[in-house]
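Structures are listed in the sections that come next.
You will see subunit A twice below: alongside subunit B first, and alongside subunit C after that.
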Partner chain A sequence: MVHDSSWSNKLFQVCNYSFLILLSLLCVVPLVHVLAMSFSSSTEVEAGLVGLWPVDFTTDAYAFVLRKSEFLDSILVTLERLAIGVPLNLLLVTLLAYPLSKEVKVFPLRTYFAWFVVFTMLFNGGLIPTYMVVKETKLLDSIWSLILPGAIPVFHVVLLLNFFRGIPKELEEAAHMDGAGHWVTLFRIYLPLSAPVFATIGLFAMVGHWNAWFDGMIYMNHPDHYPLQTYLRTIIIDQDLTVLGAEDAIRQFENINPRTTRAAQVFLGSLPVLLAYPFLQKYFMKGIVLGSVKG
Partner chain B sequence: MKPASGASRMTLRPSSARSMYAQWPLYAMIVPGAILLIIYHYLPMLGFVMAFQNFKPTLGFFDSKWVGLDNFVYIMNLPNIYQVIWNTFYISIMKVVAGQVFPILVALLLNEIRINIVKRSIQTLIYLPHFLSWIILGGILIEILSPSRGIVNQIIQAFGYNPVFFLGNADIFPYVLVVSDLWKEFGFSTIVYLAALTSINPHLYEAAVVDGASRMRQIWHITLPGMTPVIVLVATLSLGNILSAGFDQVFNLYNSSVYETGDIIDTLVYRMGIEQVKYSLATAIGLFKSVIGFLLIAISYSLAYRFANYRIF
Partner chain C sequence: MKRRNMRTLLMASACVILALTSACSGNSGEAGSPSDRTGASNETKVPNNVDPAGKYEPPITVTMARDMPDNLTFPSGDSIENNIFTRSYRDELGINLKYDWITDSTQYNEKLNIAITSGELPDIFNVSPVQLKELAEADQLADLTEVYEKYASPLAAEKFKEDGGIGLKSATFDGKLMALPYVTAAIDGATMLWVRKDWLDNLKLPEPKTIDDVVEIARAFATKDPDGNNKNDTIGLATGQKIFGGGGGLLGFFNGFHVYPNAWIPEGEGGPLVNGLIQPETKQALAKLQEMYKEGLIDSEFTTKTGVGPDVIAGKVGMFYGTMSNPLNPLLQSKEKNPKAEWQYYPIASVDDKPAKPQISYTPPTYYVVNKNAENPEALMKLMNFFIEKNFGETADYTYMYDGPHRTHQYAPVRNFGVTKNVDNWRLIKEVTASGDVSKLNPEQKGYYDDIKKFEGGDLSKWSIADIFGQEGSLSLIDKYVSNDMMLVDGFYGLPTANMVEKNGPLNDMALETFTKIILGDSLDNFDKFVANWNKLGGEAITKDVNEWAATQK
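So, the complex of A and B:
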């Protein structure tokens, strides 16, 4: 665009910068406030003196939270779910996307299979029947209940298959000339070319597994089996003081109260996402643009 | 050109050069995913028979009594069902409209920012809430909106007004949902519009300047028409989600004092099915939602195909 140095344009620029900077601060200020609370002493928090910076700095809330076995156990459940769930997501998405990216003359049933997969995104059995199936397949209270029902993110299949279709056919044909079958073509040619899309899908799968809470809540009968976000729900949303720990445990730390410990857990619960965020940002824009451009 | 190894194995038709090599791996690759989809996505669809039964877990599908449409009749007579359906539409339509208009505006304004580092910093901050769960954001909102001690009400009181019970007042709860959903998602929604903006040919703007078009006229005659396909696409696709007013958000923010305006179909199904163990009734409502939702999605996809040339795959 062409620069315009008129008075009205300058005024517009000033307003525009101010508005957008304010708006962007508004997106993170609530998080900063809660972070500040988590590092402040309970008396200052109760007196309403904590703004965006810790007052009477203390790490007692974190010391308390990190000693709670329920909190640590739930992190382990989430880590287990990530360790199994994310690679499985990637593998299944890849194995579905490759055949579905073929043309009909190469893979005659392609269209039927593609609709078979996409239909699950358009229509679903609803909460109760899905719950019954998970129950009948004996997954309740098992880590697999958090992994298998959602093992195939259909949207990611579509994303990857559209990317695969953009890969020049000549590469595949050349590989076939040299005697490569579909397995070799997929793993030695397509996958190395798809690193950015893979990073996108992998990061999204990680964030998805980390943030998931509903499956843990309905499929786990014992709170010991809760993943982190499900456990955090009992603390942060239900504010269940019995889960928070015995009164005695709280008295050991004079500087904490339920509000500061909740704040600490809110922050710890979002910390891995915040740490992964720079990588996420690098890839998701590409991923979204890739998904919207058809090959 | 035919691979030599293939020629000896197969009888050939001229058009089948591509099928020289084995096709079974393509089927083998689909099998694991297909099995999981059948078990966890297609099998539950059969579970819809429960909607026509008085389902008792102890009796199972085969021995539970068939009741025809009784469950649906019962649901139609529930005193709050129409309110819940209305709430669902009301909340999600407000979310769709706000969630599209505001990101378009922000994308247009961001596009006017010339200093790249400022632009990128703003983008970094506004995308962030999208990646946090509603548990985390719910925890933050419950804390800052608390009427007795939350910082928002401290500010409101500092200006001499009475504290507002944002999450406990049925009159304002739906708007709290809309605004907080907008807060979480508007930044992320701008991405697709920004991508559309960058794909507009810069020569168009140069030509417009030569013709003496003002900045507003450029936006009206070049930028907006350039974004129209994406706007139409997002609008039609969001039609398919109109029955999902955002379970994750509502479930983590609502409480019994705002059921009147905040209860939506999904939360009702949850309370009926999981908390009260009325499987048949919950399934019947779920079936209603799935069927209507499917029709809406089918309509929205065909509209998206017709007006924006959109195809899923």
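So, the complex of A and C:
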């Protein structure tokens, strides 16, 4: 960037930075508010007196949440999903992107397969047919229903494919000269050179799996099997107490999730992603740009 | 050449995809319909015993779908699939309950919609009014007319009549009963005015009997520093942004002007039904609210607030329209924060010498239905009889209601409590308080009774139960409303018509927006424009539907 110290440029810098700072505040403030609520006493929160700093500091909410079996169960489901889902995503995406990155000379049917893959990006069966497929393949209510239907994100394939194309062909040729087959070329030459893009799609896959809630809701037949975000949604959506009958009108109020524990769960739920992002971010930028520009 | 190849290939793959999908749906249609599994016919089967409480020999299996209430707890070892109800069903009724799926209550509707669309319905499940209509019209449900006549126990039939039979009527299509309604305790939702009694006393104000009193009190609360902290931080009349809401809205205020938003009332004596929203009186109510807002008597930020709870707890609010259950929330928390806060309820104030009637609706929020392919449609009635018997009958057992802290009644997938349960409890507790004959109370009532005694002994945490079930509790007002016939019952209790499903949402949004803007200072004449628009954008069609429906009910 050229450093221009003219008056107009300075003005631009000031506006630009204020705008960006404002934007960041918009993202950070709600999070801080949730954090402050989770460390405040219940009465103060219910009275709406908590802003960005805890009032009447207490860790009761966390003590309660960390003993709450539904919350812990749902975290286990999500961890299982990540442990199986992310590696599987990466493996399948790699295995698909590598052949598709070859030229038609090397892989004659490349164009057809490419279309076949891209087609799924533009068109899909819709909710009910997808549900039927998952049901008929007996995946309902198992962890695989959360993993297999989205096991090959086409967007990631395109990213990786373009990245592979950016790697000099001479490397591959040299490897072939030395007797390497495609497997060896892929795993010994291409993969080590693709760390940034793997960090990117790995992060995408991780965040995607972490944040997904809808599939958990429709494919799981038992609340015990809900992943974290599906569970969090159930506690955050306010029960409409006006439609409850006589049975609930009286004692139900005593069983409502206090807002402090909701806040604690929401914060704990977003913590891992918050922690992972800064470390992967540098690859993240590189990966996306490399993948897209050199296509 | 290449391009042509490509096109052929695309077409070929399109064909393959089409073939695949059609094969798929055809296949699942067959697999999904239980009729193939069971070979049951559509007509109601004549069962081998007609005893409402009779046991199936050999036991049958009934599949169900279930919405799990929030924060449900179980005695150790129990679960939603194995608890006091499922075991009793098995042992006493010979019914093995099997849940096809269980979901959180907030997600039940979405999940059920998927099940309906994909044709994967369990034997017994509960549906919303809209879903009931769709399923009944699509001929997916079993006719329960005969089942109800033969199997409803006398006690159950009584419970189903507590709402004047409105629930059952609403579930009847062309003379056929297609569902069992969840009879709603609508009277518990009647609005009342909650006022800080200690503030009234501080400022030596009279009780709110008329709308003018309400305005006067709001003015004093807003301007005369009722809490004595020398700060101008109090709200006269509080409301949330949902001004048509009963609890923490302004519904009670509108009712005070004899205005009944979204209730269907006869125009004149026995005239056609009209919507209370668009009547001339509504304009007067809006004019008063506008005046109050301008003077600062209504919370100036009400449009940003979802409810009155936080301000009530924070001690800023002097008055709001609520319901009989408010002592549990937010009034108890308000007392926890400031023990000096004294909350008193009053009947909603009227604008003139006619008493104000809070509006209620008996339209059931949910219905229990049976898949038309289910082999034992009468099982639903048996489950219902069982629940009512165990909670209200001769053999009532409190463990089917509560087991310590566990809300066992929620384990039952099929429930009904009738309309007057809470008021009945209040009446009996009052009687027993006078006579001292505690043996008349069932354990639930005894629990309330004990809580009241504990409160009188100084346990402030029991304040809310005492303030509801105590002699002077909020239920005494509900009792008064009921005994003096002081409630306005919505004249429409049918299922939503097609026009309602499509247009009620936008119409309600428009009403809320227009009314809010008028309160904030828009010209009152916008109300007339609103009425014209409301009629034009579907209100007229809905009014026609409602009156056609009313004609069929006579």
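Just so it is clear, the second predicted complex is superposed on the first by the 253 of 295 C-alpha atoms of A that agree within 3 Å, B and C clash if a C-alpha of one lies under 4 Å from a C-alpha of the other, contacts with A are read in each partner's own complex, and residues count from 1 in each chain.
Keep this in mind: a residue touches a chain if its C-beta (ideal position, glycine included) is under 8 Å from a C-beta of that chain, and two chains touch if they have at least 3 such contacts.
Everything numeric here is computed off the predicted structure, so don't read it as measured data.
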Larger contact residue set on subunit A - subunit B or subunit C: B
Touching partner for A:95 - first (subunit B), second (subunit C), both, neither: first
Partner chain in contact with A:131 - subunit B first, subunit C second, else both or neither: both
First, second, both or neither for A:118, with subunit B first and subunit C second: first
Touched partner set for A:222, first subunit B, second subunit C, both or neither: second
Which superposed partner A:269 touches (first subunit B, second subunit C, both, neither): first
First, second, both or neither for A:69, with subunit B first and subunit C second: neither
Touching partner for A:207 - first (subunit B), second (subunit C), both, neither: first
On subunit A, positions contacted by subunit B and by subunit C: 46, 48, 116, 125, 127-129, 131-133, 218, 233, 237
Subunit B to subunit A touching residues, read off their complex: 1, 3, 5, 15, 18-23, 25-27, 29-30, 32-34, 36-37, 39-48, 50, 106, 109-110, 112-113, 118, 121-122, 124-129, 131-133, 135-136, 138-144, 149, 151, 154, 183, 187, 191-192, 195, 202, 205-206, 209, 215, 218, 240, 247-248, 251-252, 266, 269-270, 273-274, 279, 282-283, 286-287, 289-290, 293-294, 297-298, 311-313
Sites on subunit A touched by subunit B in the complex: 1-2, 4, 9, 12-13, 16-17, 19-21, 23-28, 30-31, 33-34, 37, 46, 48, 51, 92, 95-96, 98-100, 102, 105-107, 113-114, 116-118, 120, 122-134, 137, 148-152, 158, 161-162, 176-177, 179, 181-183, 186, 207, 210-214, 218, 229, 232-233, 236-237, 259, 262-263, 265-266, 269-270, 273-274, 277, 280-281, 284-285, 288-289, 292, 294
Contact footprint of subunit C on subunit A as seen in their complex: 43, 46-49, 111-112, 115-116, 119, 125, 127-129, 131-133, 135-136, 141, 217-218, 220-223, 226, 230, 233-235, 237, 239, 241-243, 245-251, 253-257
For the subunit C and subunit A complex, residues of the former touching the latter: 6, 9-10, 13, 21, 24-25, 27-28, 31, 68-71, 99-107, 110-111, 114, 117-118, 120, 182-185, 188-189, 245-247, 309-311, 313-315, 325, 328-330, 333, 336-337, 365, 407, 409-410, 415, 417-419, 421-422, 468
